[in-house]
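Pasting the structures in now, so scroll down.
In what comes next, subunit A is part of two complexes: it sits with subunit B in the first one and with subunit C in the second one.
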Partner chain A sequence: MAKISRRDFIKMGAAGLLATVLTGCQNPRRWVTLEPYVIPPEEQLAGVATWYASTCRQCPAGCGIIVRVMNGRALKIEGNPKHPLNKGKLCARGQAGLQVLYNPDRLPGPVQQTERGSGRFQPISWEEGLNTLYDRLRQAGSGTAIWTGSTTSGHLLDLFERFAAATGAPSPLVFDLYSELNGLAALENADRAFFGQNRLPTYNLEQADVILSFGADFLGPWLSQVRYGMAFGAFRSQSLGKRGYLVQLEPRMSITGAKADWWLPISPGTEALVAQALARIIADGPLGPAEWATKANTLASEIDVSSVAAASGIPVTELEQLAHIFAAATRPLAIPGNALAAQDGQGTAIAAVQALNAIAGADGLALSPDSPATSLLKPQVSPFGDVQALIERMQAGDVQVLLIHGANPVYDLPESARVVDALAHVPFVVSFGPIADETGVQADLVLPDRTYLESWGYDVTSPGFDLPAVGSQQPVVTPVFDAHSTADVLLTVTRGIPTAAAALPWSDEVAFLKEIIPQLGPGAAGGLDTDVLWSRFLQHGGWWPATAPPPAPHTPVLSQSVQAEAPQFQGDEQEYPYFLHLYMSDLLSDGRGADQPWLQGSPDPMTTVAWQTWVEIHPQTAQKLGVKDGDVVHITSPAGEIEAPVYIYPAIRPNTIAVPVGQGHTDYGRYARKRGSNPMDLVGTTSEGLAWATTRVKITPTGKKIAQAGFENKAGVDEGFINEAFPG
Partner chain B sequence: MTLAEHKWTMVVDLDKCTGCGACVVACHAENNVPIVSEEQTIQGRAMHWMRIERYWEGSYPEIKARFIPLMCQQCERAPCEPVCPVYATLHSEREHLNLQVYNRCVGTRYCQNNDPYKVRFFNFFDPIFDEPLTQQLNPDVTVRSAGVMEKCTFCVQRIRRAEERARLEERPLADGEVLPACVQTCPPGALVFGDLNDEASAVSQLLSGNARQFKLLEHLGTEPSVVYLKGGTSYVST
Partner chain C sequence: MHASRNRTRALATIVGVPLAILAVVAAYFFVSWQVQAAPEQPAPMDHAAMTKKGVSCLFCHSDALKSPAAGIPSVEKCMGCHQTIKTDSPKIEEVAAYWHRQEPIPWARVNQLPRFVYFSHRVHVNAGLNCELCHGDVAQMQAAEPVTKMNMGWCLDCHEQQPDAGQLRDCVICHQ
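What follows is the complex of A and B.
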């Protein structure tokens, strides 16, 4: 036997390890392979960090990120300083992205379950999982339905669209709780009606001197917490020492309300009425420059200001004062909030607020730049009617296979939407969630997708500020668990389905991305040939032009007055005396952050409570009900009921109670499970959507009490000697 | 080569702070600060080197909420320092920082008791990072064990890294080169960090002649290195 030298032995070991890694993933050229230090990869030095650019997928906004990687571990996420949306900044959820990647409750591989809802998953091989999916999809033909979320990568949605078109199935649905509570579909629609562009509006706060926000929690998890946070900083420190003035109208003080110069607790649902009253006062004054009054005359509706004062709870003098502040400003801006988008007649309600912008000629402050002229897909959130249509199709037995990616409909939708019931009528449900969430537990097959820090993709930045942009997504580390990219899964199974195979000819998702991305052409990062364009796209974290294209000419379509009515609330006023105000948790957003301990354990900014659900009640109301902090109350609406402990909150209308959305998961990993309650259970459906902003409730004390995991010390509050904010 | 003396200073503009909590999570991620369970949080053992305090002012409906981000104030005359029997908490004269030496700490908690800002946190238990969450740990920062006191360091590891880079390139540190994790992520730019010894630095410029500045519990004579700018007002014509 030939003598093996020590050097040969190390070489053999290295080759052996390399071979193992190569066979481990199906497409080795896509990752930096783990190699022993005898052959260190060029850019990997022990103890020296490498930074990879990608895109954050914790919410649909799509901030650019750079990830610090050392020895194959992702260590810290920072904002990408070059990205036009967030310019190096990130929010709390963006910072917590590592816990999406390294979450201990991620499925180790594909699983199936024989009894839905049991949660008893049997691990299967990828081969078996792919074959099962292939068989089902082939048999289903046009009976396939696809349900995606607002953070599903553009390329996957594009592939889903192509697959649906080829098999004759309906277009994928894009709907999750985040899009619903932000009113994304309604805002996009209203924007089309108002500006003739089908995009999310971008409000340029930094250029405004007065902002009237009609319940828009733009500093919270609204359209882009990071960008609006940055813009707010600039709004407060404008040139020549100018400081912008913010008025916030909302029934419960949000973090945006906390920063307002004037916070006005307005009766829920009357935002559009107040906007119309302001237009009326400006027209009648006439207030402001002559052309404003002319426009106000055209746009203001015949509304009685004193009846608006009665309905909204804001006295006529204060309405007049508001109109004066608005009309005396140089560049005032009105922002329609998300609650407006949850009312029937949402388009009119939003238009009533936008009319103020039209009067002040402020539409320039509320415009997004033109989308890049490409075929790249931005998920367009489906209106709720489409959701109801799909649920009806499922109930009618017209759906053979349901594919769910990036959405958690069982958690997102209240019981009144009857999703679980509809799922029971679907013979085969496939979830692509990396963690078994409430929907995954109702699925027959879970083929876990990779999380965003180990995935490929692109994201057309929306809302698009400053420059039209497409964010890039690339794996920053090798996959942590045996998860496979859903796009690759789709491309693999369609090879055997003749109708779809021709429409999806790519070998894998990277081949697809490399074909469509370079079509963007050279952006600010430059590059001439396809390979250079592709690598610059990854290196810089996306594509955007060096300079903003000239804005396309637009005519505000709004030319006559709108008549927004006060919305109808569900529940009789006598039986259900309180308005329900739901808002997204600043940290957990729509509940998708509940699996991340950094977000669970960090205190809520307004209440400092972590880990729990609470119901915010005005001190006087609490006194009337005889409840104190931590007392558990039963909340009942016409649609459902929950229990939650009281948090006495001095900045809320006495006839309104507020509950954060985000907790109340029955699955979704150890940090989320059985924690608090999901207030969406209180919400009923209307003809146009979910009544999360138009529901009345009643409250009954249960006699139980829990300790609140608050960071603030409320010692003395119960004894009643703290201050006038807590009378009694 | 002698090391330059720095007066590291953080400016917190309360008019800009939106209370969003990005700094809180960024700090947890950068400094391996453990997340404390619900039960222990109720016991008052939550650990956040950086936190947002919210104060109510006035009563409904003329009520206001004020956010104050609070971290170790890096006092020049720190009340926590002289009470440490083992010199685990001590002062850096060169950097004007209040250091914490974890492997000296014996857990008397005297410093926490004497700290007027309540920004020191004690590890009552060993931190738990469920696998594979250990992968997220920053290798530049020690994971503290049970019985050890910890607090904000102004991201001293980032200061060191920037200094080492500058020394290798044989140049002085540039303003803005050192960014603690909270400052780097803060969307509205409410947090600004820099060297007060450098007259051209952003913090020096921001503080020079600024009537809004104040320090927390100034009357105690702790001489904090964190300077707050109080919220402003706008005058609108009505």
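What follows is the complex of A and C.
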């Protein structure tokens, strides 16, 4: 290469500078554009924000939100200070809701595809979309099936119910991965044994002085993160300077475990055994007040404490210490976590933990308030048996049209559930997803619904605390894309179906809502006539009474000893030496947050990793396998396999590995697609549900290595744990 | 040989250095002229013609009394008058074209304060200040021009002369 002289260098430099300056001059538009409205909304002032109250739909908890809107654009979401559930607080997922609204991958309008799975969508007009749906529904009659999710608005589910009843189709299914990983159906069902009613219990942490949490990640995405976060604050700073004591029993330290006074790395699946052992120790002691011991004698099973110690990996001395802590408390509380809900014999397993509450008089426990009006529907999550039944009906060819709203079964369910195969047997699949997700790509027709910030609706708060509440949902902006409300789509097409038309006489969803909502009567916001009640409902973000109704009596129904057994794990111990611990990502939850870059980019609170899937492995195990941080390993279970980079995590049992759920989308927009892996692929099915908490795996290093997007430096983190927590 | 090269170099220096300085000075004036120039607007908006007909500033920029921002009139507001007034004017036809397409007119912003400055039209207009005090004699301009260099010294010059200058001198008055 020719040598560049100093003179040449200066000349080139000058030429470069000139080129830069000239390029700068060519900027076609130096001025900021001011776009006025074509037709301004009434009472809109330039530069003054308007706040609208609505309800968050990033998870089923239903926090009240207020949205700051400026010149017709939603700019910021905050918690609604008036809403009795979250009282002005909001979690990261709630804040990220703007990216649901403005997601660039939202479908601009209705589309159809001729070859399922191709993802080659042809835009069609709404008229054509509605006509196609109408023709199909009319022909299908009772052969229609409806699959909704845990965040589908109450009014839409209600309309679907009415439609199904009128056409003779089975009741809509309510099931998504969020409800499954929270154990919602199982918790509701199991509590029948305890309360005699099918409702989610609320654990009043603020009233307890000792909490034994059996794997309930209540400061993470379990049930109602915001509310439990507030309750936990109150639990820690009680009157007279008292501070509640939290014991967390779980195989892998969650964010709740990190906050606990005592974290006990219990062997997966032995939570119910430990609960029974504690009851046994209290009965044998006898520990605590006399009536506790009497109740413990009735409820405790004949379980051998030392064998529980061996199975759970918690020494007898520690079990005794735990029982003493529980019995010495005035208002102890035991919380059954979601892992209990994911094993065969889930009802008994949950009851084993609730037995501890029964012994202690169930202080600090309450039942979610009942739906405040019979006209309003509180979605009841379907048990997994119903899901399997629908999949079987689809495979048998009994389903002509499948409508899917608010759920993404192709992603949510593992391959072992054979959803894709079942969809292939359904002649016509319609998705209402605003973004073409994995299920949308398997659909023939996608009629995108509006996102929750553009929609009408209501949500009966569940689990509800203190007050029975109904959150209102109203559009805070005009629709950003040409999406139509699914409720309006349903009301439009049923007009032509004689059997259904009479059951759904409303002109649109607002007419329906205005009919049912005022039946709540005047709540805390007051109002007498229908119009005022309706506008107060929207203005305040919902309906709730001014004062709490007297708590529903809940005498524990448990009267005999609970005999829970250790669950059967899928996979032979010799071939699959490690327990698989799956947990919901704090940010992406069950994967529905993966399309929002704010959530993708927020570091996980325990590992600081973002944008990825990782597998948490104990340092000892990592040493044995010869893997380091970032080494990609192959994880195989009897049901499937995935690949993920190792994250060395000292706060996990050496015989257990943990993987967060939420990544591994094959569709669902640019931010979610082809990122990480979906650990649900490792999960098999059992007679009662998905074995996401009872699966064993094996690990093989692949020799590949990838960089991890994390914030921390882990130098020196491992040493103490290898020696102290898990000797040998 | 040496002598001629030296001469060339000296000539280059005598001519080149002043040229370079001139270029820098010219560039400075060019940039400041560009900044001060009226931006190109998508449709001609003759402020002088409007005010001559007796239209007050607040008729179009009606939020100035009530809001931090004075506001740009909606296309609907333009057409409120111009569907009957001067409809044959080619300038008005341009505006009407936006209305028929139901599109907002992408006006170019004339005056812009940095993001870290809080300014409220409402406070100033209600204190009795005239629009011209800051915006210049817009009534004489065809297209609005940025006549005032709206910097901190300029704001403070006026704030200092007010009876409650003590308060108006406070940083958080503008940098909230």
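Assume the second predicted complex is superposed on the first by the 664 of 728 C-alpha atoms of A that agree within 3 Å, B and C clash if a C-alpha of one lies under 4 Å from a C-alpha of the other, contacts with A are read in each partner's own complex, and residues count from 1 in each chain.
The criterion applied here is as follows: a residue touches a chain if its C-beta (ideal position, glycine included) is under 8 Å from a C-beta of that chain, and two chains touch if they have at least 3 such contacts.
The structure presented is a predicted model; accordingly, all values stated were derived computationally and were not measured.
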item: When both partners are placed on the shared chain, which of subunit B and subunit C touches more of subunit A; value: B
item: Touched partner set for A:W126, first subunit B, second subunit C, both or neither; value: neither
item: Touching partner for A:L45 - first (subunit B), second (subunit C), both, neither; value: second
item: Which superposed partner A:V226 touches (first subunit B, second subunit C, both, neither); value: first
item: Which superposed partner A:Y134 touches (first subunit B, second subunit C, both, neither); value: neither
item: Partner chain(s) touched by A:W506 [first = subunit B, second = subunit C, both, neither]; value: neither
item: First, second, both or neither for A:W263, with subunit B first and subunit C second; value: first
item: Those residues of subunit A which subunit B touches in one complex and subunit C touches in the other; value: 47
item: Subunit B residues within the subunit A interface of the complex; value: 13, 15-16, 18-22, 24-26, 28-30, 35-38, 41-42, 46, 48, 51-54, 56-61, 63-67, 130-133, 135-139, 181, 184-190, 232-234, 236-238
item: Sites on subunit C touched by subunit A in the complex; value: 27, 34, 39-40, 63, 66-77, 98-99, 102-109, 112
item: Contact footprint of subunit B on subunit A as seen in their complex; value: 47, 70, 73-79, 86, 88-96, 98-99, 101-104, 210, 219-220, 225-227, 229-230, 232-233, 236-237, 243-245, 253, 255-259, 261, 263-265, 321, 324-325, 328-329, 480, 586-587, 597-603, 605-608, 610-612, 618-619, 650-652, 654, 670, 675, 707-709, 711-712, 723-725, 727
item: Of all residues in subunit A, those that touch subunit C in their complex; value: 21, 29-40, 45-48
